Amino acid sequence: MRVDGRAHDQLRPVTITRNYIKHAEGSCLIEVGDTKVICTATLEDRVPPFMRGGGKGWITAEYSMLPRATATRNARESSKGKVGGRTMEIQRLIGRALRSVVHLEAMGEKTIWIDCDVIQADGGTRTASITGAFVALVDAMQKLVESGTWKQLPLHDFLAATSVGVIGEETLLDLNYKEDSTATVDMNVVMTGKGKFVELQGTGEDAPFSPEQLQDMIALAKAGINQLVAAQKEALADVPLTFADHVAEESHV
Amino acid sequence: MRVDGRAHDQLRPVTITRNYIKHAEGSCLIEVGDTKVICTATLEDRVPPFMRGGGKGWITAEYSMLPRATATRNARESSKGKVGGRTMEIQRLIGRALRSVVHLEAMGEKTIWIDCDVIQADGGTRTASITGAFVALVDAMQKLVESGTWKQLPLHDFLAATSVGVIGEETLLDLNYKEDSTATVDMNVVMTGKGKFVELQGTGEDAPFSPEQLQDMIALAKAGINQLVAAQKEALADVPLTFADHVAEESHV
Amino acid sequence: MRVDGRAHDQLRPVTITRNYIKHAEGSCLIEVGDTKVICTATLEDRVPPFMRGGGKGWITAEYSMLPRATATRNARESSKGKVGGRTMEIQRLIGRALRSVVHLEAMGEKTIWIDCDVIQADGGTRTASITGAFVALVDAMQKLVESGTWKQLPLHDFLAATSVGVIGEETLLDLNYKEDSTATVDMNVVMTGKGKFVELQGTGEDAPFSPEQLQDMIALAKAGINQLVAAQKEALADVPLTFADHVAEESHV
Amino acid sequence: MRVDGRAHDQLRPVTITRNYIKHAEGSCLIEVGDTKVICTATLEDRVPPFMRGGGKGWITAEYSMLPRATATRNARESSKGKVGGRTMEIQRLIGRALRSVVHLEAMGEKTIWIDCDVIQADGGTRTASITGAFVALVDAMQKLVESGTWKQLPLHDFLAATSVGVIGEETLLDLNYKEDSTATVDMNVVMTGKGKFVELQGTGEDAPFSPEQLQDMIALAKAGINQLVAAQKEALADVPLTFADHVAEESHV
Amino acid sequence: MRVDGRAHDQLRPVTITRNYIKHAEGSCLIEVGDTKVICTATLEDRVPPFMRGGGKGWITAEYSMLPRATATRNARESSKGKVGGRTMEIQRLIGRALRSVVHLEAMGEKTIWIDCDVIQADGGTRTASITGAFVALVDAMQKLVESGTWKQLPLHDFLAATSVGVIGEETLLDLNYKEDSTATVDMNVVMTGKGKFVELQGTGEDAPFSPEQLQDMIALAKAGINQLVAAQKEALADVPLTFADHVAEESHV
Amino acid sequence: MRVDGRAHDQLRPVTITRNYIKHAEGSCLIEVGDTKVICTATLEDRVPPFMRGGGKGWITAEYSMLPRATATRNARESSKGKVGGRTMEIQRLIGRALRSVVHLEAMGEKTIWIDCDVIQADGGTRTASITGAFVALVDAMQKLVESGTWKQLPLHDFLAATSVGVIGEETLLDLNYKEDSTATVDMNVVMTGKGKFVELQGTGEDAPFSPEQLQDMIALAKAGINQLVAAQKEALADVPLTFADHVAEESHV
């Protein structure tokens, strides 16, 4: 049995509170056990310089932790004057993952900024960020559908993420911080609602892992992500979600 | 009547939720109308280099806003690579204000870090930060009293803050964002529970103000701060608060 | 009696040397006792990006100290790679204070850069900067009047500043460095020639202050600022100063 | 057939030139097709602050590209004043991967700095860096064995890396730049000589991938890495390589 | 006799390998003894902001060392977040020196970026950079002549550089690192093919030098530079080099 | 005749005002025509980390210009967040030049910080800085002699600097800004009182120069520096200056 009494294939309780921040076009508070992340989505009517004139949209993400989200206080990156490697890695991951389910060519030259701010951390903050950011993204996109700017949501699938790992002989789903610290293998998995891989990042810094362990971890992750997508669907129950495999480029005005 | 229906001398609703972040030694969420700030207090067993060997303690503060706390998204200071002038001014104010009610000489060589993170902004974020930070500070200090490290709280009074301003001919208490944008005079006032001034920062960039207007603003601020201190007392009802005018330097072990 | 023999309500000797730097459109060296500040005003034919197209002008200020202006050498902010909180606070104050007596809407889209460089410091550098900067500003503006670019000075009043403080039981005007270090309360006051408040920044970090002490400090500051304005008038005796309450927006060509 | 005529499961030609830089304790030039990386290993007799006193060693890596390693010139990160997200991600990956085959506890408090500088880029620079860095690492470590500082190499396996990807329907090994630009799925794989996974980083930003595609890519990567390890063995033929599963902590003096 | 057996007026062996980096418009590896520098030249179809609209071209240079080019590892300037004084001095020197033999007015609004990256250092890296950069510059310029963009090379002479110094009583040509460390006087000389001075930078930090020593050093440098220009001519033997004293401004299309 | 009526071999008027800044151990205002520089020397009782334990002293210099020292306003380097290449080059030059006449081994582990702040610029700011800094250095050193810390001044000669240049066919001494802008050759020369070279930095970016021109410039510079040293001697008339060729290492206590 695990430190918090869960079965090896059991997620922590997941809560998604939509419209958590009144100013944002889309926002939620996602809680996965004691990990709590505020996710917001902001619409901007232009794209970054390297994309101008291409007619496509862009999704970009930033990630941060409050200094006291963790057991000991972390210095702010603004005070240190630079964004650390871990933060950059995570925000690049979040942006890339979200873009994989968006029809950028159907957005027109708009950017959606995703902000994931961890207010309390207990493991799995990057995967919780992805799962929550998807919900904020849908709400922001839906605003443009409702205003008539877009004819339909430029999305082709759900997107959620979780972590899996190996502790001793056991393969575990959704590691909390204590588990994460003792795991010899740690893998983050991002999948679509239809069960395809978007990102797979496994690292065995403390002990290389075998192909069999890889299979076990993937199976666990897939089951967990199915439940996370179910939680997203429930949270977004009032949004008329229709995902198109292909979206006409003229779907934005 | 004001934009949100308040009387000219009426505060917005104030809510203080203690122990909001599980890892911090002291923490609260303070809500003043739609302004919401997470305040944490972190204990550290040493003081900054310039104070080492002096036997005294230190209180320092950092302040930040989530990018989407405001109506339009603000770039993160970590991404810009430097902390802006407004942020520095505010965090210097918060630290200075809190230190004014602390017996630093009774703390021993410890630092308490105050973090004020605005998750939603609607005017008065710096004054709400001070009012909330005081509560987080008490909780963190009380931990050291309970553990026997300190014999008593090294505090000599309550501390709270609010803003006042002039719009047209009227003097108003606790400006929200919309009011703040149209005010010609803006003043932040920090006072102790006993009604003494700790900070007074008035600026009439758009219209210089007269001595009479100053008196009116001070009277309004004082009444508002009394109510904020009452809210702090209620929130801290279970803490045995005793403030000493003088604290023996040996009160810490 | 005070450390330098002054009465409690006595300013230090004030000298203003105009046209101190040959390249600047306006400049002076202001000496307040041993505090010496070079103030320059630079005309620029555009406004910052956030103001473009608005038809109004802008005044902005920068403040710095030479490394050896003080008793011990201070590292340059350029070497440290960032501007500190104290500097930012002061330069924001100087800019804000000057803008309060300027008809920005009558300037056209021009910026006036104010630079205050402290070459020797003995307390009161920020208030001396404001008093000196006003003189440099007038000279730079007068150049545009003389060249026919402006029909009249876009100013509505004089502007000067001083500090007051509390040491023991006494309230003192114009603190020098030694006094400033022992004062329990420190207040900077910026007023117009007509006696209205532009900025009031009082801080009682070491001891909160009472409403009565506030009144005493304000009275002292007012008397001191009257003398500083008199010194400005004398220094600017050859400039035909006419301040208008309202300036037609077409007063610039 | 591929743009450069290779079969789908064929590596580009690999050349490893040891002792390429005379000053470094270990160094090589690794060429994988037109990708050329100078890898050096530097011994330092201390560990970073966070590891002091723990008795263990550390391996850390830095990665950079010459500005004209690529088809268009990239601005230097030193000129931009900060290290970008991509660079950080890669250097964290290289360090983590190398540490996975090192008995850190057998190194004593020493750091080995790995520098990977890409002088010409044609896809796969991060995986070439890992493969080359392993050779430089062995040479630097061997110096300490030869000098008697260490009784044996604190290594437990070979380590090499390659990339695989999907273009259209095909799964390809060791993508060059042109292929990398058109691939919908891109995966970097780091494996040990015994065929265990150290890192697996797959991303399907342009098209999520199926479990079957994952299997194909893993099989290709494994075959490629076997050949890379063979190239390392050949290059290091004169070094008496013995890898121990466990190394006594006292193996360093 | 010198540490490496050379006569006092003898250069180290010089090798210039052209087209060393396949992506660059011009490139070479220059080796002067154990000093090895990769020089590239990059064409850009615009000039920096301060030159726009002037119709002239620009040559700018950047210089860097790999961390392990030297006997002990140097921290990367990108990691330190700023370019050091020595680097700036060198890259300003390289740019200035190259511009002195270029008819900027005949280039049109183009920039040529020179990058000098030292992969192995043994003294004289800045002078080797200049000598090598000239070769890369010629190759890049020749591309524009061959494509018909320019009618002729906008160059008026060869350009090469070496160092001279004083050790004890002796004046030496082309100091290696060991010699450079013990020299009391160190002078870098940049000359044209026709024997005119472009830069002369002598420093006697450890011992001021006399006019006679200056004459000796200049004579040695001149002889050395003649040999370096001969090496450039040999390396560029296949390029139809014609230098014009004056180039018509219309020589570019 | 020159723009300001001087002969080709005539310096501008030189004024040196000692003890210009009351806090500094040594200071002066040097005026060379319209170029005005405040030079200060600060004593510090330790050396930089790289020199600790070596028993020697150190001289280091920083240089800056006030934003409005020049005809158009220059942005502050503190606001830009980094020190530019020109500034670095100059401050490295000033420090190196001063060290050349100091017996560092006779200073003990002390640093003297030289600050040169240009308050008005009209050409030749770096050479005026060196000439003035030498005077400030003597005054600061003399303080340690008077206090008995040092038995004698650890100096072996005077030090002064000037610029020379070529305009058209003429060689000119001590260029002002207007001349400097049109000169094709520009050379800064630093010499000792005994007429030896400390630094020679000639650049012919706009036109390479011949050995004959070099001789002319050197002769002019030498004559000018003799006059500058005479001005230093006059300014320091009351200081008992004795320069020793060798100073016993035990000359400091």
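The chains carry the letters A, B, C, D, E and F, assigned in the order they are written, with residues numbered from 1 in each.
The definition used in the following text is that a contact is a pair of C-beta atoms (placed from the backbone, for glycine too) under 8 Å apart; a residue touches a chain by one contact, two chains touch by 3 or more.
Please read all numbers here as calculations on a predicted model, not as lab measurements.
Both chain C and chain F are touched by no common chain.
Path length between chain A and chain E in the chain contact graph, taken as the least number of steps between touching chains: 2. A repeat of the C-F interface exists among B-C, A-B or A-D. It is A-B, with more than half of its contact pairs matching by residue number. Both copies, chain D and chain E, contribute mostly matching positions to the interface they share, with over half of the numbers common to the two.
Chain D and chain F have Cα centroids separated by 51 Å. Centres computed as Cα averages put chain E at a distance of 29 Å from chain F. Residue positions 81-83 of chain A each touch two or more of the other chains. If you sketch which chains touch which, the chains form one closed loop in which each chain touches exactly two neighbours. Here the chains make one closed ring, and walking it from chain C through chain F gives C, F, E, D, A, B. Residues 82-86, 88-89, 91-92, 96, 99-101, 157, 187, 191-192, 194, 196-211, 214, 218 of chain D are the ones that touch chain A when the two sit in their complex.
Contact residues of chain D toward chain E in the complex are 21-24, 27, 34, 38, 40, 42, 44, 62, 64, 66-71, 73, 76-83, 87, 113, 115, 117, 119-121.
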